[in-house]
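Attaching a single structure in structure tokens format; questions to follow.
Labels run A, B, C and D following the written order; every chain starts at residue 1.
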Amino acid sequence: MSIYTDLAMELREMNPKLGGIEEKDENDGEIAIKRINILSDEASAKIGKAKGRYISLDAPDLVMRPLDLFEHMSACLKKELNALIGRDASECTVLVVGLGNHRVTPDSLGPEVVGRIHVTRHIKEYMPEAFEYPVASVCAIAPGVLGLTGVETMDVVKGVVERTKPDIIIAIDSLASRRAARISTTIQLSDAGISPGSGVGNKRADLSKESLGVPVIAIGVPLVVYASTISQDTIGLIADETGLHNDEEHLKELAEQVISKHMGEMIVTPKDIDAIVTDMAGIVSDAINSALFGERLSDVRNLIA
Amino acid sequence: MSIYTDLAMELREMNPKLGGIEEKDENDGEIAIKRINILSDEASAKIGKAKGRYISLDAPDLVMRPLDLFEHMSACLKKELNALIGRDASECTVLVVGLGNHRVTPDSLGPEVVGRIHVTRHIKEYMPEAFEYPVASVCAIAPGVLGLTGVETMDVVKGVVERTKPDIIIAIDSLASRRAARISTTIQLSDAGISPGSGVGNKRADLSKESLGVPVIAIGVPLVVYASTISQDTIGLIADETGLHNDEEHLKELAEQVISKHMGEMIVTPKDIDAIVTDMAGIVSDAINSALFGERLSDVRNLIA
Amino acid sequence: MSIYTDLAMELREMNPKLGGIEEKDENDGEIAIKRINILSDEASAKIGKAKGRYISLDAPDLVMRPLDLFEHMSACLKKELNALIGRDASECTVLVVGLGNHRVTPDSLGPEVVGRIHVTRHIKEYMPEAFEYPVASVCAIAPGVLGLTGVETMDVVKGVVERTKPDIIIAIDSLASRRAARISTTIQLSDAGISPGSGVGNKRADLSKESLGVPVIAIGVPLVVYASTISQDTIGLIADETGLHNDEEHLKELAEQVISKHMGEMIVTPKDIDAIVTDMAGIVSDAINSALFGERLSDVRNLIA
Amino acid sequence: MSIYTDLAMELREMNPKLGGIEEKDENDGEIAIKRINILSDEASAKIGKAKGRYISLDAPDLVMRPLDLFEHMSACLKKELNALIGRDASECTVLVVGLGNHRVTPDSLGPEVVGRIHVTRHIKEYMPEAFEYPVASVCAIAPGVLGLTGVETMDVVKGVVERTKPDIIIAIDSLASRRAARISTTIQLSDAGISPGSGVGNKRADLSKESLGVPVIAIGVPLVVYASTISQDTIGLIADETGLHNDEEHLKELAEQVISKHMGEMIVTPKDIDAIVTDMAGIVSDAINSALFGERLSDVRNLIA
């Protein structure tokens, strides 16, 4: 039981001198972009994330929900998405997978995003004449979570991949962060695949290029902090401040006591998490729709409404 | 454009003398059970339903929502389900499929039922020691609708069937009825398969023993009447009463005028459809859980809570 | 039992030659504006609407949900609202009342709009220094419906009016239309007050300047058609077409038969009513927020987020 | 910033030797009942709760959601409610007030309960002949929260009280607990009034016999723990274990650092809070309906359905 985070940027902070990792920072005044590239197997094993590129967009002012910044964040996410797609989306079949449980608010981001994706695959198949221009063939599923379905997410996705044969998969999930301040302000992109349930449950078979045979772009948004992380951080800070580090084993025992006594499966979340999930689902789905349809976005939207 | 219904009992009413059909009625004072068996290909083609058994449970007093009758209806449905399953459920792997669109209230019955099914397959797989008794291996998915996913329901289900290898599939869907009075009072069971989207959309590839290689038990609840059915019925009644039958062509034209002018894709539904869907999802899910887990129901419920 | 509508424009259509009514039409190519002014008590009694101004905005293309038209409709509604308010909103206390039942989708427009109004009254009261500029003092309630609360809407509103002393009340409600085509395309404004529950229930004590001592601006959106209206219209059309008008009494009897047999409390609504309510709540709440906060809208939004 | 709880039983634990308080424990093997009576003004001021009776029902096994225990808890709550009402409910007018914000899951208990109360007042008023037996006149409102309405809860309730003249008010709210383990296992009743917003917001004018002139029975369910409470508890435990109590000021500073850095307005809540709120709303509303309607419960339910 220790500090848990799904964010590569936070894992890097906790392992600042680890080799085998490249990083690069940009900042446009509103959004800080951090690019982390996990290159070696060793670094991957140490840091607990698959090899590949991780891009985090961080806009602390999002916490105040200014509409302009929503649009800016969405535009920035679109640009990064198009770079990861790396080709003309209008020639691609794209499967969007919304991971998570729509009955658990902080875990419902994936299904919420899927509900806002402009889906075109069935129209291209059954009414190809509806589009007079090249347009991405987009489909989208929310496979549910193991605890509700009894079926591994991977098993649902694999079946759909075999039948729809996508060129690219975009998977969306809620993440766990180390710091509550990141909730609602950060979005992480990656080409390294994603573990369903890592946000608020157990690790399961990864969705990745290795397992599915198709490039997987993961978009994750931190929406919870494990309560155990808060306790652990509190103890760490006290150890630092009181010079009790020589007593580290004793402190770890204490941490376990507090955690088992108070928190079981508790999560830390803002009171307005319902509104935050709605806002973030808007930012992410706008970015995906724009990245996939480009200048044809409003034509597609009007057609499928 | 004509009168549309998914209910075998209503189709039979409209074709009372058609051969190749067996029927049988029971009534316990509260619930009328009608058993219709479509035997011949000819009858099937004429009536527009696949060959097989259709059992409708009809309890007009359900419209007043008495709790006792909810329980009675659920117990009756359980009994019929167990008869259709035809073997000891505790030895089976069962896949429950909730058809329909969770974002459209009258079409959300299937996903609502799925959310209340006690799912055990993952526990049997990962913690087999948790059950000290024989118990059904149950999994449950809500595959979404073509218009939201861009993927045929059949394609999602087939992938899951290949991986979970169920012995039986139970599929739940909202249906369209000819008469508004049936909404919230009738449940139809069948072993003849089901067409996703027949309730409030277009016909698609059937889920059936033929297409999936596994017996499919369909449970449907009428929750809408097409507005066009109301107009058609109004015109039919007037034709009967006014002796205008010699002018049938003219009346059909009139019907089409009214329908195209007023109704497009309109449905007729009770004002309290949100509450009705909740109630019917409770009746159907209680029946399925009881049919699958029998005397072990409360043990299973407590284990998975 | 006859054709029922809450829309002044439809009532006018049905009584085209009635005196004591002024009307005026405008059209900007996308939105048709009809201004009806019921002037005499006699016209009011005949048409069944209180004396006063009724303004309907009608944009048939809204049915296809183009984003541009959403914004155009919202801007047009804002302009009409500001004209009805007739003074500088930043000097006013405004009470927004969302009528209807949040548990019944087509009746949930009012509560949905209330949830999107930028509320400032408590901030002006407890942290007046937060606003460095003149700003409307806005409060908003969703009083519920008689069937769920057991309390007349009027009784809840009156108590709040006594304590908050608003200069203006803006009341939002779902309406019933005669034609399904109006659902999602029309918005009606009025300065003649509003009857809670007229949309999908019984008439109750009106919210109006007479009853509350404060000007009431009503905003209504047609979201249902009574099923009985469809039957009635079908019969009317047939009577017209078949020349059966000499047999009018008989037709009325027929209508009553069809209606009582088939429809009870049924409503006609589009399948995608859940999405339509969300869209219309967005258009109406954007218009109200813009009308009340003008150029300060984004400042207010950022402050209260 | 310190440990915060709305539960009298937890406040008593933190002040075990304080005078002016009576307490009594019962336990039937499944439910532990603790009765705390705050008698003196001094004890009230010290402990931060109004004078009066506080009864907590605590059933740790509820965490596993066994249906039998739900019914047992509901029956136990009904009995305590009837004792606090202290008279024949069928002769009373009762106003049920659901405090909290229906858009924030852990704060939505009050509105959820209100939606399940059998409301009879309007029927007794407009169709008195519907009841052939004495029956409580019940009405129910969810006044919303200050941050969404801009109106003090007290101002909404006072207006409704003036018009409905209830004999008893029953107010339901979400509470904050010190320990996460209490979430979903504890219910607190009181005759000492309730502060809207104490659960997840600021204190406001109390609803109480003093302020409203009518006895107020409060029912509260702990559904959140403030994240600051967790940090504070962690630090307290470490102080105990490490003998750092001589350094108490320093530890308080540390606590404030952790809290301000990590948590702002964060709450700790179980992942399955959506399901817990539904379950607890069922237990509480069943108890209220049973307490108010007694043997007539099913008659009333059938009548108003």
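One rule holds in what follows: contacts are C-beta pairs under 8 Å (C-beta built on N, C-alpha and C of every residue); 3 or more make two chains touch, one makes a residue touch a chain.
The structure presented is a predicted model; accordingly, all values stated were derived computationally and were not measured.
> If you tally the C-beta contacts for B-D and for A-D, which one comes out higher?
A-D
> What's the farthest chain from chain B if centres are computed as the mean of the Cα atoms?
Here the answer is chain D, farthest from chain B.
> Suppose each chain is reduced to the average of its Cα coordinates; what separation in Å results between chain A and chain D?
Once rounded, the distance between the two centres reads 37 Å.
> Based only on mean CA positions, could you tell me how far chain B sits from chain D in angstrom?
Between these chains, centre-to-centre, one finds 41 Å.
> Any chance you could list the residues of chain B touching two or more other chains?
Answer for chain B, listing residues that touch two or more other chains: 103.
> Given the complex with chain A, which residues does chain D contribute to the contact?
Per the stated touch rule, the residues are 103-107, 179-181, 200, 225, 227, 230-231, 233-235, 237-238, 241-242, 244, 247, 250-251, 254-255, 257-258, 261-275.
> Spell out the residues on chain D that touch chain C in their complex, using ranges where they run on.
Those in contact with chain C are residues 102-103, 114-115, 119-123, 137-144, 146-152, 155-156, 158-160, 162-164.
> Mind pulling up the chain D residues that touch chain B in the complex?
Chain D reaches chain B through residues 64-68, 298, 301-302, 305.
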